[in-house]
């Protein structure tokens, strides 16, 4: 395969370009997309290329999501742009009570091929209303798939799969990763929803993570390697359906696990992973499964406080040391 | 103390009667309260007793919650009736981005003495839009307290504390428990937010639960006692702040733990408890912490399917047997 | 709009079918044969039947918690509906939905809805889809006077208006939202009056007069199909039963209900007209009633005989690709 | 409404203060001294200052993401605001809020808001609280043309109307919501026209004419204080800067911006009037500008010197009783 270097933002736009060319029923709907190709430039070139299928809306998130649903039920394949993941709050009924439940409640009559795309995460000094990581809510909502890629190649391959999927997919991209670059295959490819990937192999501990924290875990693993600690880094890429096999195989090898996410700790997805590892891999564990998440407060504005609240590489390194010293 | 027998519904109404008499700033706001004293009769006598302070609204949950917030910020103590917990979905922005964050974002300038009261849970053959248990979302939202009582005495004592609390409290009551009766002290009393209670003592396993599942756990404990298995039943009563001490003391005694809730399993609050027990009590565990929750689908209508999806006494008994046989 | 004799008789029959279905459902509920709770639309048949009578089979309808009438009017099969109400495997939704969650996508029925106001955004999406697919379908969302106060109404009306979507907002103003009188909860006097806020037409009908409902909705349908955009139609009507079966109804008097039933019953009203103009004979009417009653009896019987789902079927139908 | 000479000069000074604050903030942002992102209201000063000039100190204001002007107009201290913009411990919110989340509860400022349309329900609650507490305060919610399309607008307007709450909905229609022209997104032609849907008064002002804004808002204030209920006031204005600092602004031309600045600048307009009627001399104006500039410089300087919070302070202020 030939590869190119691309940003996550470009990877997203390329995935959508290919899928929109392939299938006339795919369209994009959301606020402020056309003028600047999305507020992060994430839909570069698409408004011009598909003038009728990139649709600007009023500020009406509730109806935007519901309209996506209505369109999905009647033959289209919408990608709904949530603008910021923080505004999921304004459309929870449409997502949780309608989108997620409709197929089931109606006994399988309907399908909802919709992607809800949401830029999430902190670190941009954007304050409590523009910095959240809300994936836990959706993992706890039967009927949704939840995708949280970190690198450009995964963004592209997973978005193409999400668009083709006949079920609703919540697709998170971390705002701080839009400019993150990486290799992306030249040829067409898909990455299946529901498969994690080992981004670094290691024998001593399994770091289970996703989205931006993947990069922090990789950095931490580099630092730990200098102390002869080899950390295996699993990027889950999808939270639901969860690739528990990849976790299981790794923990059976390393006997130690640390889950790292940016969402606040209590009730975060790390709890689910830790609980499942505890349940299913109890006898393989040399130490308790540890968790790192943001501290349990809203994301504060002031950089010194925001950095303190969000997980940092040093927190990961320290936690790994603590886990392994315990033995 | 003298006691009386009362239902959860009566206990709620009595708590509110006392607090509304005590403090003029307490008021109740929500849909369809006045005509029938609340759609479950849960505010019996209050509309008549406090005609100006029990307020019917249009069907506008988003604004009802936000109005509660605005009133709380300006000197009042609202109890907002969500009608059904399922409709939290329509007011998540007001709860999560406004109510929960306002004090923090504004550096402690404001306080939000508001109770959001929500009847939740399934088992009433009410279908997927009127049967959910959504507490996990709020436990994962810094800035909220979450209360989930099971018995009448706790409903009363916790509601009185919630009304007096200067922070926002999400107060769940299970719909199937309104008619549940129990002893309630004659004298005035409060039950502190953040304290669990052992509802049955036992030496072999700790059942950690809350809301309606407390009764199922107690039933299961009765059955297990016939097999000489003594289960300790902890009713958490409050999920946030969490009384981890009571869990810790019990697990250090029983070496085994099972968490039971009605919300669906994946990403439910049981994950948080199991993860924390794993982290903090690893060396005390004889077996993995197990979890029981509803199966990961929307709550179906047909009774045979609903009963299959929601946790039953038999599931608890069986799970306990499995955990203890393992040893 | 012209309505032929045959059409008139078929309208009457449909209204009788809705009423018979609902009365039967109420009876079965009383006998504890229907689990959960149900909301009946008895008294509102002119609105559901009148509206759907001017729709095409491929037009979309988004319904409400009080949806039996809309479903039957759009062509749904009472037997599959009863089976669903009983929680049977043969029901419209295999027993997963129940009264508040019935759909028939093959008839363009996008579903009843347990969330008041939940249909507004969905119909906007259907309208947008029609536009993108370039067909001449239209979409109708039914909603109550209470639902008109939800934010979804506003967002949907605005969006449908700016894009001139082929949708119609059909309000069934039955004077109450559960226990709450419309006069208390609805500012501005009427739902139709809100149309001007979006620069679209708003009409009030005598919602108990099926020919008037038909005429006004047909106008909105024409407008929508011609690409001229959405309308609001407010059918003023009344429900005779409680908000849900078992409702203590302290918010209104028995006399009020009786007076509406006596003076404004949509079926009686239409019957009188048809008789007066000679379209309907007593004999014909009795035949019609019997036919309807038979059909309902038969639907109930076969639904009752149908099997319950296996409990494990509760795990099916969540995803297309699990 | 009469406005005295002294009041007029103070209005002008306030507008100058808002503009000086915002221009300085823009400059500091350019220099990377303000983290995150900021939304400036330069060009919209007549709306914020005119509106707040007819409010009492104990009246409530709910503001927006573009809130600096509202805050200063309601009496907020620029130094505490700059300190907040810098993320300093001495800021209004101890650095936890930033530009989009500043409040001063001692001045009735219930907060800027990062969620568009988040203020509507809050002001309804404040209005209800006023009514329950039986005071004669009022509440104002500022919002943009874009925010008028959120469901919260509708629910709040309806609720305020049925209860005749003492609140005013002050729209700052600056022709764009981020990149989206109001002509594209807002059905019905104006925000004020939506008032009739709720049976309440709606007014459009030349939002760049501070005396007109004052007059119209004062009328709404009087109505609210007398218990006659809410109003909508739509101030038609324009923002000169991008939606946020750094906005590429491909959605409008430089000429458009320049033309508004030349023809409709609220400060220039008011200055001309004051000069013409002899209220303002060149000398006096220069003094005023200097005074304002000095105050802003001083505010920036002391905010810059203020300490950053300790990182651990991030854990404070979540609960009253943790």
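So that you can tell them apart, the chains are marked A, B, C and D in the order they are listed, and the count of residues begins at 1 in each.
Basically, a contact is a pair of C-beta atoms (placed from the backbone, for glycine too) under 8 Å apart; a residue touches a chain by one contact, two chains touch by 3 or more.
Worth saying up front: this structure is predicted, and the values here are computed from it rather than measured.
**Student:** Would you kindly count the fewest steps from chain A to chain D, each step being a jump to a chain that touches the current one?
**Tutor:** Minimum number of steps from chain A to chain D: 1.
**Student:** Rounded to the nearest whole Å, what is the centre-to-centre distance of chain C and chain D, using the mean of the C-alpha atoms as each centre?
**Tutor:** 45
**Student:** Chain B to chain C: how many Å between their CA centres?
**Tutor:** Whole-Å distance between the two chain centres: 36.
**Student:** Let me have the rounded angstrom distance from the C-alpha centre of chain B over to the C-alpha centre of chain D, please.
**Tutor:** 41
**Student:** Considering chain C alone, which of its residues make contact with at least two other chains?
**Tutor:** 93, 95-97, 101, 113-115, 149-152, 155, 158-159, 162, 184-186, 318
**Student:** Where in chain B do residues touch two or more other chains at once?
**Tutor:** Answer for chain B, listing residues that touch two or more other chains: 57-58, 60, 62-63, 86-87, 89-90, 93, 97, 104-105, 127-129, 142-143, 296-298, 300.
**Student:** Going by the touch rule set out above, what shape does the chain contact graph take here: line, ring, star, complete or other?
**Tutor:** It is complete, because no pair of chains fails to touch.
**Student:** Show which residues of chain B lie in contact with chain A when the two form their complex.
**Tutor:** Going by the criterion above, the answer is residues 86-90, 92-93, 95-97, 100-101, 104-105, 127-129, 136-137, 139-140, 142-143, 240, 263-264, 266-272, 274-276, 278-280, 282, 285, 287-291, 296-298, 300.
**Student:** Taking the touch rule as given, give the residues of chain C at its contact with chain B in the complex, in rising order.
**Tutor:** Residue list for chain C touching chain B: 35-37, 87-88, 93, 95-101, 113-117, 146-147, 149-151, 177-180, 184-186, 248, 250-251, 308-315, 318.
**Student:** Help me check something: in the complex, which residues belonging to chain C touch chain D?
**Tutor:** Touch residues, chain C against chain D: 149-155, 157-159, 161-162, 184-189, 193-194, 196-200.
**Student:** Going by the contact rule set out above, which residues of chain A touch chain C in the complex?
**Tutor:** On the chain A side, the touching residues are 25, 27, 29, 52-53, 55, 57-58, 60, 62-76, 78, 93-94, 97-98, 102-111, 142-143, 145, 165-167, 241.
**Student:** Could you pull out which chain B residues touch chain C in their complex?
**Tutor:** Within the complex, chain B touches chain C at residues 31-32, 34-36, 39, 56-63, 86-87, 89-90, 124-130, 295-298, 300-309.
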